[in-house]
Structure formats: C-alpha cells, structure tokens
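Every chain is named by a letter (A, B and C) in the order it is written, and numbering of its residues begins at 1.
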Amino acid sequence: MAATDRPDGEASAGRLPVTLFGTCLGDLMTPDTVADASRVLTACGCDVAAPRGATCCGQPAFNSGFDDAARRVARRTLRALARTAGPVVVPSGSCGAMMRLHWRELFRGDRDEAAARAVSARVVEWSAFVAERELPPLAWSGRVGYHDACHGLRELRVRDAPRTLLAAVAGLELVEIGSAERCCGFGGSFAVRYPDVSVAMADSKLADVAAAAVDVLVSGDGGCLLHLGGRLSRTGSPVRTLHLASLLAEALP
Amino acid sequence: MSGDHLTGTTFEGRAAEQLAKPFQRKAIPAAVDGTVAHSRALFATGDRERLRELGRDIRAHAVANLPEYVAAFTDAAEANGTRVHFAGDATEANAIVAGICRDAGAQLIVKSKSMLTEEIELNPALEAAGFEVVETDLGEYVVQIANDRPSHIIGPIIHKTRGEVRELFSAIAGRDLGDDPRALTAFAREQLRDVFLRADVGITGGNFAVAESGSVVLVTNEGNARLATSLPRVHIALVGVERLLPRTADLSVLIPLLVASGTGQQLTTYLSIASGPRREGEPDGPDEMHVVLVDGGRSAILGTGYQDILNCIRCGACQNVCPVYRQVGGHAYGWVYGGPIGAVLTPLFKPSAEGLEVAHASSLCAACDDVCPVKIPLHDLLVDLRRDRVGRRIPGRFERLAYGAWSRAWSSPLLYRLSGRVGIASLRLLARGGVVRRGLGPLRRWTRDRDLLLPGRRRR
Amino acid sequence: MERDAFIARLAAARPGPPLPDVSSLPAVHTELRPGDELYARFVHELTAVNGTCELRPAAAVSAAVVAALGDARRVALGADLGDHQAPVEGALAAAGIAAIAYEEAVADRAVLGALEATVTGCALAVAATGSIVISAAAGRAAALIAPLHVCVVPAEHLVGGLAEALRILPPGSLTAFQSGPSRTADIEKVLILGMHGPGATHVIVAT
C-alpha cells in the first residue's frame, strides 16, 4: 500500500474518528453494504461518522464529459466532507479514485480548490484502510473469488489489501480468478450506453468465475457487483455476489 | 475497401454486428493473450518503468520539436540520395505516390503493411490511377482479396477463420487448398514471390524515421518489407510526420518497447534500417528511394491537450488488453484504428458527431494506460474528448437534460434523498421478489440482459 | 507541399521534455544481462526463434557450410565472406555445388527466384537478440530470397546487445537485422516459418 494512502491523524488514545462516505450507489442501492462497512470499521477500533449532506462524488457526469454537472454535485459532497474529521473512507475504488485523484482537476481554479485538495488528501479506499488496522479474529466458510474493480486497482493501486483481508479469514478459501484484473463491463454510464458490449464483457468475466468454481464473487465496488450480480441473477447462476465489507461483516465474531 | 464507416452509424450498432460473430469473440482473446503474456514476461526481465519513461521522453521530445527534426531528417536523407516529399493531407500524399510511380513508368506495385496508407486510403487512389497494387503481408493480402479491412494494428485478420482464408485462396488457385494454415501460407508465398520478382515499385510504411541519419526503420516478421525495399526499382516509404526519432541510439529504447509490446518478441525477425537508394558496389537495391512525410491531420493536434497521442508508436498493446476491443474487435470503432488508440484517434481525425462518439467506446478501466510503452494517458484523453463532445453540444437533448436535472437534484441533500426514495419506491413497483427483470424507459437498457437487484434483496 | 510550409505547420507544439541520455540503458531484454556469455546468449536467443547455430574453428567452416546446404544445388554466394570466401567457394565446387555469385543471381530474376539457398557473411551479430546484421554491401535480399540461408559469423563480429550494434552499424544503404527464419502467425495465430524469407536460418560462428 502506498504511504500516501495511510490514514493520518490517529488519535493518541481511544478510538480513531473516521468518516465513512457510503457513496450514492451504496446509500440508495446497497445500504446494507454501507452498514456492513461501518460495522467492520467499528470492529477495528474506529469511531465511524457518516457525513451529513453528502450525496455523490460526481463521477457519472465527469466520466461522460459533463464537468459542470459533476462539479455542481461534487461540490455538495466536498463541502459536507470538509466539515468532517479524520480519514474519509470510501467503500468503492471508483468513487475513491474520483475523489482522491480527479477532484483536484475538477476544482482546479475553482473557489473550492483548496477544500478539494484538503479533502482529496484524506480519502482512503475502504479495504486499504481496513487492511492497515487490527481486526478481531474472522471466520467464514466458503470458496471465494475476488474481482479487482478497475479504478481501485489501476488508479488507487489497491491490489494486495483486499486479498490480505480475505486471506486472514479462517475457513475461507480464496481462489484467484483468471481475469480478476480485467474490467467486468460496468463502467458507470457505459453499462447503459452500450448494454450489449457491457453484458458481453460480464459474460467473459463470469465464464472465468464459473471455471474457478467459487461460491461467492467478492469485489470492492458496488457498481461491478450490481452489474455482475444482475447478470448472474438473469442467467440463473448459483454464484453469490458480495461486497468485501459485507463478507467481512459476516465473518466478524 | 477502406475509409470510415462512421457516417450514419453508431458504435452500438457496429458493435452489435461484431458481437454476433462468435468466432471473432473467441479468436481475439486467443490471438492476443499469448502476446500479452510474452510481453509481460519479457518486460519482467528488465526495468520496465524506467524504459517506458525513457521511451515517453524521447517521443515527447521529438513530437515537441518536429520542425527541427523534420529539417534534420530531410537534410540527412537527401545527403543519402533519398528524395523527401511533404504531404499536407491524404489527397496530396496519394498524388505524390502516384506521381512517383508514373514517373518510374511503373505498372505493378508491392506494398508492405502500413496503417498510414490505410488512413490515407492509398490503395484505391493508386488503383484509380491505373496501377496494380498488391499487399504482401499475409494478413493484408487476405484483407485485400476479401475487400475487407484490417481489424488489429499488428494482426490484421485476427477476425478471420482459416476456413475463410481457404475459400479466398482456393478461388484464386482454382482448386481446393484445404484449411491447413501451412498450405495456405505456402500458396500465398508462391503467389507473392512472383509478384515481388516482377514489381516496379515497393511501398512501405515506416515505424520510425531517424533524423540524424535520414533513415527509415521497418520492423516485420515475414520479410516482406525487406523484399519490398530490395527488389523493385523504386522504394517509397510513407511515414507519419510524428514518427521521427532524433538519434539512431533512440532505437535501443524504442525498438524493445515497440516489439515486446506489439508482438511479445525479443526482436522481430526483420529490423531494417533503410538509408537511401542502392550505392556504388552494392549488388541489389532500388535506384530511387522516396520518403513521403505525411501530416494528414497530425499538425492540428500539436499544441492541443491531445499532443501526447502523437507519441504513439502503433504497437497495438492497448488493443490487446482492452476489454471492449476483446469483445467487439477493430471494425466496431468505425475507422482505421480499434481499441483505446482508435477511441482517441478517431474523434481527433474524424471530428463528426459519429467520430466523437467513439470516445465513449471504453469503460475507462485504464488497462491501456498500464501497458502503453510510451505512457500515453489514454484514459485521461478519452475523458477530455468526452468533455469536448459536451462542449460542442453533441450529446442529445435527453442526455443533456438528464445530467442537468440530475445535477440540480443531487446538489441538494434534500432532493437527493427524496429522488432516491421515489426512485427506489418506483423500482419496487416493477420488481418481483426484490428483482426488476423488465425496466421501463432508460432502465430498459439495463434490464435487457441483466436483472436489477433492489436494496434488501441480496443474492444469497 | 513545400518543405518550409510543411515544417511551419509543426511549430505550434507545446514544449516537451529534454532529450534523455541513452548512453547507458536501464536493464532491458535486448541487452546482455550480468553474467551472460556472448556465444551462449546468442545460441539461446537464436534457437528460441527457430534458428540453428554451430561453433566451428575457422578451418572447419567450409565443410560446415557444405553440410548445412544439404541437398540444395542452386546456391548463391555473397561476396562478404572475407577470409572464408575462397575456402567456401572451393569446398562448394569440390562438393559438386555450382554456386554463383549473389551479384550474378540478382541480375536475372528467373535465376534469383529459383535459388534454393544463399550463403552470406555478416557485418555484426547480436547476442542478446540472436540477430545477424547484414549490410546492403552484401546484398539486401541475399539473406531472404531463398528457402535456406546459411550465414558465416566471425566470432569477433559478435556484440552484446542492440545498443552496441546500433553504435557500430556497418555502412551501406540498408542495414538489416535478422533474427531466425521468416515467420507469420496471421492465420489463426498458427506459427509458420518461411513466409517471405527463408524457412531455415543456419548460423556458423567461426572462431
């Protein structure tokens, strides 16, 4: 893990205050995952707070070229986060990368530029954060494959943290999927702009998942899981999808 | 057949056509996975990052200083006895080549693979001028006979089965050649060898042009470029003006980057450095060498935010790792280049609404950034192109209104919460057991082949 | 268009980085690795690309050439064999192979097209890439016009890597690196040797 991704501002004693930004997709589509992410953070000694008034990081618009729309939405979230303390932990590599890397660009020359820089520097991807903390003994039984979400992997360089976390779970058998690092085809608006291509990409990935014969497909990004889970559901596959945070929450004592 | 296939079509439509080809969807990964693995293994034996930084800096330096290096190249090439021509656009490039062929009294022209000549549509132009042009790279030969287009920078016919090649070649042979690639290749060799021995002009591209020596550098595996520069009376090399390198020594960085990224080889079988026509005492070689430096839209990119794309050395590595390219192949991109490099170049060279749309033919997974041997930030350039597309008000009314309304609602925590609740509640009306199988409106595009799993309904 | 007008259009570029020094390279597969022995690395790389290679004392080179030619009878000989020129010509004649000079073969396209083998020397050979480097002085197409190419490499012509070879390129209108036989994998990725150039490349390193 890069040194810059390490949380700072550790409290001298007691619990570490952290801000958990659940992301819009998490808030609206998978609130359970956000709750699970919070539970795990609490279990590793954090004092978790949700930012009041935060909405979305603006990525869908940013990636489609609608910077004004992206800035307008991101500003709301940025200002909400600027009022919080401690690391901003994000259970999505994609939103994390938007906030950590692209907000500086989006707010360049803007009145909120300084705030964007300050908040960006506090952003940490959830698994990278948790992997640096002490967790209680974890136990969970099953055969698990991990799918690397693209932006967490290639923009935030989070590769080992989720694998380290999964490997620490007693009873869990971690299987490397052949194309773990290849995009699943979600890609935000790409998934609805070009649904045929997006689903073809999912099928290519899911063929490798089937070959790995896993019970559960885990990832660190809700978007990938919504897409892959939706395709697995449509094709009647018995493979479950689970956010890493949910799996670890289930594995807590 | 070349040219662009953008007008009146969409990426979605072109992709659907390609997705319906089951052979291609299996053939592309089968063809490129070996290259990717070999490439990775080769780079693992050295300091890949440092090498890429050197490659990027050499290319970026050359592209930023083209006036100096074009002048130096021209002087050095002319000192070698090469004639250098300057083509502002495709029409001019084609006219220059046709003029050289006419002056040489040529009839038969052999060509080795060149993406630039695909860009400028040289073959149809020469044919219209009355010349017979024969492509000599095996893949390009098949493409030419089939009146098709190459679908990959390095492997032009990775979309074709041996059965298709058998049909094409058997028709020429007048007998069934079977589908053993060995026999098919032998047939092509025999046909093309005869053409090489008779040809008046050999046309090649140029992987690089070296300013200090006035040389054109060619890498191939089959040996056709070498033959094309050896046997005909006239050699014409068409080189994109951005492909200049300052020094011969720069090849010690860029050749390993190009070859390992493009084919996964230590070195291609043939690496030729052509520095002019046959000299006194040399037993063979052309009487004339011409280099046509082609601008063709490149100078317009200089000085813009897209200048880095001119650092590209056309290795095809970004295509090989692109998850979109792997599904749809090169033709879906609608012009000469497929994959991430095509998604950037097509909007820049064909800036119509249809051309600009191609910037969206990427899930922005950034796999291309990681393999680019000269570290072009393809992912960022794609986002920049999408921004330009919005700036030019090309997205449809619906898309613009949707983002506008979305941004107004979600910049208010209250409206965000409200719209979320209303949204989820309406989805529940469509759902059975927490799963939406048939959405309405824009959601239909999600649920055509996927379910939408609603909150609280986790797949267990 | 005119040179000056063409160049003028290229002046709008954003400034770039300075040209980096490449006099010493980072570790790269086209250069020697620490501990590499020249000949061993050359054989390893050439064999990996389907070429064949043998090491022979100077006196045994002619016999090795004759053996490598096998049944080939329409043979052209480059003029770049140096000290081996006369002995090789003699050995071919003694073996009943009426070899002609490449210069003569190239003058008649029918003869050129019917060649079964060529024998050439080389200006350089590169250990790290398994390449032989032939200058146009020996004939541009000499190494690839026939199905078999036999190349005599004086051991002192062997250099370590691509960078060194590029520093001491032989003069001539074309410098040609060749690494193993001609190949293609265009049809369904099936590797086939001898597409346009030779299907077999045999290198005799003369000590």
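In this text, a residue touches a chain if its C-beta (ideal position, glycine included) is under 8 Å from a C-beta of that chain, and two chains touch if they have at least 3 such contacts.
What you see is a predicted model, and the numbers here were worked out from it, not measured in a lab.
Chain contacts here run in a simple line, from one end chain through to the other with no loop closing.
Relative to the whole-protein C-alpha centroid, the nearest chain centroid is that of B. Put simply, the chain farthest from subunit B by mean CA position is A. Ranked by C-beta contact pairs, the top pair of chains is B-C. Centre-to-centre separation between subunit A and subunit C, using Cα means, comes to 54 Å. In this assembly, the C-alpha centroid of subunit A lies 34 Å from the C-alpha centroid of subunit B.
Once the centre of each chain is set as its mean CA position, subunit B and subunit C turn out to be 29 Å apart.
Residue ranges of subunit A in contact with subunit B, taken from their complex: 24, 27-32, 52-56, 60-70, 72-73, 75-76, 80, 150-151, 154-155, 181-183, 185-188, 190-202, 204, 226-227, 229-234, 240-242, 246. Against subunit A, in their complex, subunit B makes its touches with residues 11-12, 15-16, 19, 25, 29, 321, 323-324, 326-328, 360-367, 369-370, 383, 385-391, 395, 399-400, 403-404, 406-408, 410-413, 416, 420, 423-424, 435, 437, 442, 445-456, 458-460. Every residue of subunit B that touches subunit C in the complex is listed here, in rising order: 27, 30-31, 34, 42-43, 45-47, 50-51, 54, 57-58, 60-67, 70-71, 74, 80-81, 84, 86-88, 92, 136-139, 142, 155-158, 160-162, 165, 181-182, 184-185, 188-189, 192-194, 196-198, 221-224, 226-227, 229-231, 241, 246-253, 255-256, 260, 265-279, 281-285, 289, 293, 295, 299, 302-303, 307.
Looking at the complex, you find that subunit C touches subunit B at residues 1-3, 5-20, 22-23, 25-31, 33, 45, 48-49, 79, 102-103, 106, 109, 112-113, 128-131, 136-142, 144-145, 161-163, 166-167, 169, 172-190, 192, 194-197.
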